[in-house]
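Labels run A, B, C, D and E following the written order; every chain starts at residue 1.
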Amino acid sequence: MTTPPNDSTQSSAPQSTPADELKAIFLTCLLDSLIALDSGVKVREDSSLMSVKISESALLKVMTLLKQDSRFDFDQLQFHTVLDWPEEQRMECLYLLNSTKKSQELLISVSVSREKPQLPSVSKLWAIAEWQEREVYDMFGITYENHPDLRRIFLDDDWQGFPLRKDYQDEFMLRKPW
Amino acid sequence: MGVTPQLSKISQQSPSVFDLHSAHKKEGPALLTSIDALVNWARSNSLWPLTFGTSCCAIEVMMAAGAAHHDLARFGAEVARPSPRQADLLVVAGTIVKKMAPRLRTLYDQMAEPKYVIATGACAISGGPFIYDSYSTVRGAHEIIPVDVYVPGCPPRPEAFFYGLLTLQKMIRDGESLRRPGVRKAPVMAALPPGITMEDLRAELIKGAKGATT
Amino acid sequence: MVTVEIKTKISSLDERINAMALQGESPLGTQEYFVNMGPQHPSTHGVLRLVLKLDGETVREIIPVLGYIHRGMEKKAETLGYRQQVHLTDRLDYLCSVMNNWVVSAVVEKAAKIEINDRIQTIRTIFAELQRVQSHLLWWGVFGMDLGAFTPFLYGFRDREKITKIFEETIGARLTMNYIQPGGLMYDIHPDFVKDVKAMISYMKPMFKEYDELVSGNIIIQERLKNVGILDAQSAVALGASGPVLRASGVAHDLRKIKPYGVYEKVDFSIPIGTVGDCWDRYSVRMLEMRESLKIIEQLIDSIPEGKHLTMKPGAKIRPPAGIYYEQMETARGIFGVFLHSDGSEKPSRVHYRTPNFHNLWCLTKIAPGGRIGDLVSIISSLDVVVPDIDR
Amino acid sequence: MKTVIVARPGDGNFVSRFFYGVKSLLTGMRVTFRYLVHPSTVVTQQYPENRKTLKLAERVRAQLSFTFDENGFHKCTACHICEQQCPNASIHVMDRKPAGSTKSELDTFIWRLDSCTFCNLCVMVCPFQVLKMNSNFESSVYDQKLLVYNLTPYAGPASSVLMKVADVEERKKLIDARGPYDGPTALSGFPLAGISKQVFPETTQIGAPQ
Amino acid sequence: MSVSSVSQDIASHLGSAPEISAAYFVAGLLGTVTFLTVMALILIYAERKVAAHFQCRLGPMRVGWHGLLQSVADALKLILKEDIVPYSADKFLHALAPVFAVVAMLLSLIAIPTSSRLALSDSNIGVLYISAVSGLGVLGILLGGWSSNNKWSLLGAMRAGAQIISYELSATLSVLVVIMLSGSLKLSAIIHSQEAGWWIWRAPGVGLLAFLLFIVSSTAEINRTPFDLAEGESELTAGFHTEYSGMRFAFFFLAEYLNLFVVSALGATLFLGGWMPFHIGNFSGFNAAMDLIPEFIWFMGKTAFLIFLSMWFRWTFPRLRVDQLMKLEWKVLMPIGFINLLLAAMMTLFGFYFFATT
């Protein structure tokens, strides 16, 4: 399942500039380290950002590495959001990491099942993840292990359902008539 | 030569609270009527708004309208009260969502009579951009509290808000009375375009509502 | 309705407050109490609600309760075409509406590979900077009002009105512009635009001295802001702060310099950074940013290149290939990013906004405890939160 | 990266801070006093009084309207492009097919001022430049239903078709008059989102529980 | 001009029958109330106009000529507005609080002589009386905040209580300077002691310092910016009167402006000579020219100047924080006040002031 990292970087950057080369070296280094942790690492091709897919079980390890390793130094979690794939019965959780020191961005994607979505919380690594994970729980219903304060953030505590899921319906919402 | 385009006529002679004279009929003894008039004069000229704004409209309606260029103080309405107990005017400036709806109702209930409500902007009138496909936006403040004047716009200019304020002042002068506390007359159609009477409109709307229900 | 099996314990606000009431002990042995600040409160800038745990006047803990203006914008965005996306972002951070428009347009342009010319880029940059000044002016006024001085509010708005006039002339709107479109601009600039902007700049420059005399130099302001709400560089980064809040903590992180977009590469400007990260630094960073913005506009205003203002037909269909696209820019409050997932159809399948205020407000819970209620007000104000941007 | 480090007010000793403080307060008072004694600095525009002279910028968007040619005809062909572009269904173009014709023509052009966000997309995409925004912002009403406008004064074909008919009387037969409040509630009977069906209560009991 | 006040005039003409004294008292009180209500309305209008012009706008314009009737409309509206008493409030205290606030102010105004012939009660302990009675005002605020059963109100009331009582000290210290210099507690005697010149300049340095001290601490005592912590909008919504509406709120509003008037009138009386025209020692020609302006106008002019000063502060300065407020009082104003008092004592002892009669 492992995609050779060199191929993917070359295909994404046909015209090579110094910046691109640097990025390629960075990505190679990154992928090597990630593969050591998780054999299922893949590069997500259809993205304008540098992005890798990892497996659910390796998430916390990978994130810890990315945060704490001085080669990567991803000190900010820009956003955490979810793509819903109802036909495949999965949800794809995306974490955009940002390094203020190295000016690099990396999108981490993890797939979870739609029925029992659960992920480890990364709020120990990035404090802002506490709110971002609450938002994702609120909108998609993904629960987080070891989250300090998991409850709905925007909607009322007694709200039924998770509105940003593709199949969300309620009586109140009107569909645009045309 | 075709049909006169009515709408262009409307835009030329815009409906105006200044042009149309009051249709208010004097009732009862002259003394009481004049006391009524005095009371309504005082109430209409001393509309202290509640500092309340949820989103974009608050900038235009509560802030820019109160700022030096437009100056809400000219209407005696710059005394923005942060406590609903002392406010006369609730300007619903911005989107009201389901979570906010009970709070809006509370604010309204906490205000002392006589109290007036102006809904400004598309969101407060009908839900605006979020009227469809939004699971949380309430479609208009009138779903929660009685609204006296609607000021359309997204957001309305400060001048448009002043026009709304003048419309409300006219309503207070014409329709509210000391002798009927808490009961407000049916709205006075001051802002109707010329050539259209209240009766036409009412008939049409009743017809339409019947059509919609059946 | 999908039923989801939830393994983790989900708490509620009441439970959270109850838990908070039990923990912690006041050093004086006095009883602590809870107060609701908001949703209707003059200094929460809209409908932010803060549950405060107070010990006398001292704030011990804060629970921000969000969602009083959560309008479901991301759901709504999934039902709109790419061109219609733009007008929604006006209503996020309405004080940076042009910049928000730009981000959406940029991400759509990146996705659909729409080329734009230099004229469009220059005009976009000028408008973004105008809006930055406008937004900071409004913030300055409201900041003064929050600290109890009403007059700065009116002076700020008076000068903001000059910029609003320019917007009105070219765009036709005062707040929600919807000006920058995928593929260009809604209108070309007004013939008087250059003249008016120059007049505005020459008007604004001496005004900063007055602001300094009235507010910045004032001893009460200085004493109330200095060493209040200190956010050091390390925690600012960790808490995800961006924009002036991050820069005030001494981190020189500005996307206009790091990843220049528009025509920021061509212009010469510097980035104000603070040293301590207290309210005073956040205040002065913004005050200096206004001056820098005027400098940028000054450099660009005389050399707007010729060209079309719209490179594609306004009604043309936009259908980007399937994939993930992300674009972020530096608005007046920090990094605003738009994440777009396209499935190849005319509508995006998922839109996510990375809003600066959501992240900046999070800092509040870390820096405000320990201060007085008055400090809390100045901290909220110095973070410059716009609540609809947080709640989306 | 070019950076400037912001200045911080000096901490100083107590006495110098005290005198700085007094000076700064007096400076602030000078600023406000200057405005008090110069009435020319007043920037207020008195809206209802200056109504006659109030001139807004020509691009100001406050109301959608139709453009008419010199005969009072519009060019709308009921192509529905504006309707599709409108992000929140504020425009509803109702067309009709006259007897013996296959081409549809405009019946009523319903525009909801109550939900319009003035994004200008309809104006931008209109292939015939029928729509335009004008600056008439004085449209406050007491009833939300009055904010649902019909922009066209007549139902009938576009001016290009009408002008082919030379006879004025014949032209009049092709068109039917419409009023500004021929809203969809009245015409087609389908309910508008957000507009409740309740019709003008005689009196409103204030504070009554809802 | 004789020292005798109106009361003494009337008493000497009509004898001192108790009914007549009572009737006179009622009439005087009613007159004062009317005068003060009108005064408060004018003050509110003036404040709004002055504020507007500080802020390059116009202020009330549409009710009457240049908005002259604006305050009348506001007052009429407030009187007719619904009076809400919260369900969980202490009803009796809630009703009592605004009365306290207004009555304290009315009572203190009785003692202030507005001209040499018009003083309702020229008590020989006038200054003491005023500082005692105006201290009652804080009771109204405390009661109002407590009885509303609202945390914001309570916070506002507690702030007001701490603030007013603290600043009362330095206000009294500055008043003591004048008492020491003039050697009397009687207000008319204090005014007459300034016949050769107002204390603000006659006692070099000390008088001015005491005056500034008085201005600052009295601004704090009447809860105006920069010391408006008790009702600081951006912090405590509306402070102690959050739960008040209609008439009772109008009472607080009235009391606030009456307070302003009382404090300014007292400041004018103590430091600026009250109704005493601007005299310089024994320059009789100059003094006679100054005497041509009526005493009442002198008094009102001085008071108006002090009121304007207070408005000027209000529309220029931001608010202090609660701990800074206390720090300012206890660590800055109090020591200055004591030193000033010491200097004043020496000055009085050795007659080191201009035109000393010793």
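Here is the rule we use: a contact is a pair of C-beta atoms (placed from the backbone, for glycine too) under 8 Å apart; a residue touches a chain by one contact, two chains touch by 3 or more.
It should be emphasised that the depicted structure is a prediction, and the values quoted were computed from it without experimental measurement.
*Asks:* Going by the touch criterion stated earlier, list every chain that contacts chain B and also contacts chain E.
*Replies:* Joint contacts, listed by label: C, D.
*Asks:* Both chain C and chain E are touched by which chains?
*Replies:* For chain C paired with chain E, the chains in contact with each are B, D, in label order.
*Asks:* Between B-D and D-E, which chain pair shares more contacting C-beta pairs?
*Replies:* Looking at B-D and D-E side by side, B-D shows more C-beta contacts.
*Asks:* Which chain is the middle one, judged by CA centres?
*Replies:* Centre-most chain by C-alpha means: C.
*Asks:* Which chain's centre, taken as the mean of its Cα atoms, is farthest from the centre of chain A?
*Replies:* E
*Asks:* Taking each chain's centre as the mean of its CA atoms, which one is farthest from the centre of chain D?
*Replies:* E
*Asks:* Mind checking the centre-to-centre distance between chain B and chain C? Centres are C-alpha means, answer in whole Å.
*Replies:* About 31 Å, centre to centre.
*Asks:* Starting from the mean Cα coordinates of chain A and chain C, work out the distance between those two points in Å.
*Replies:* Chain centroid spacing, chain A to chain C, equals 24 Å.
*Asks:* Where the CA atoms of chain A average out and where those of chain D average out, how many Å apart are those spots?
*Replies:* 42
*Asks:* Give, as an integer number of Å, the spacing between the C-alpha centres of chain D and chain C.
*Replies:* Taking the mean C-alpha position of each chain, the two centres sit 26 Å apart.
*Asks:* Pull out every residue in chain D that's touching 2 or more other chains.
*Replies:* Within chain D, the residues that touch at least two other chains are 25, 28, 31-32, 42-44, 46, 48, 60, 87-89, 117-118, 193.
*Asks:* Note the residues in chain A that touch 2 or more other chains, in rising order.
*Replies:* 154-156, 163, 168, 174, 176-177, in rising order.
*Asks:* Among the residues of chain E, which are close enough to touch at least two other chains?
*Replies:* Those would be 54-58, 61-62, 233, 237, 315-317.
*Asks:* Report the complete set of touching chain pairs.
*Replies:* A-B, A-C, A-D, B-C, B-D, B-E, C-D, C-E, D-E
*Asks:* Mind pulling up the chain C residues that touch chain E in the complex?
*Replies:* 33, 35, 41-43, 57, 144-151, 154-155, 158, 214-215, 218, 220-221, 223-224, 372-375, 377
*Asks:* Which stretch or stretches of chain E touch chain D in the complex?
*Replies:* Chain E reaches chain D through residues 50, 53-58, 61-62, 312-313, 315-317, 332.
*Asks:* So in the complex, which bits of chain C are touching chain D?
*Replies:* The touching residues are 80-81, 83-84, 86-88, 90, 151, 158, 161, 165, 168-173, 176, 178, 181, 186-187, 190, 210, 213-215, 217-220, 222, 226, 248, 252, 254, 257-258, 268-276, 280-281, 284-285, 288, 314-315.
*Asks:* Would you tell me which residues of chain A are touching chain B in their complex?
*Replies:* 154-156, 163, 168, 170, 172-177
*Asks:* Inside the complex, what are the residues of chain E that reach chain B?
*Replies:* Contacts found on chain E: 48, 52, 55-63, 67, 69-70, 72-74, 76-78, 80-84, 233, 237-238, 241-246, 249.
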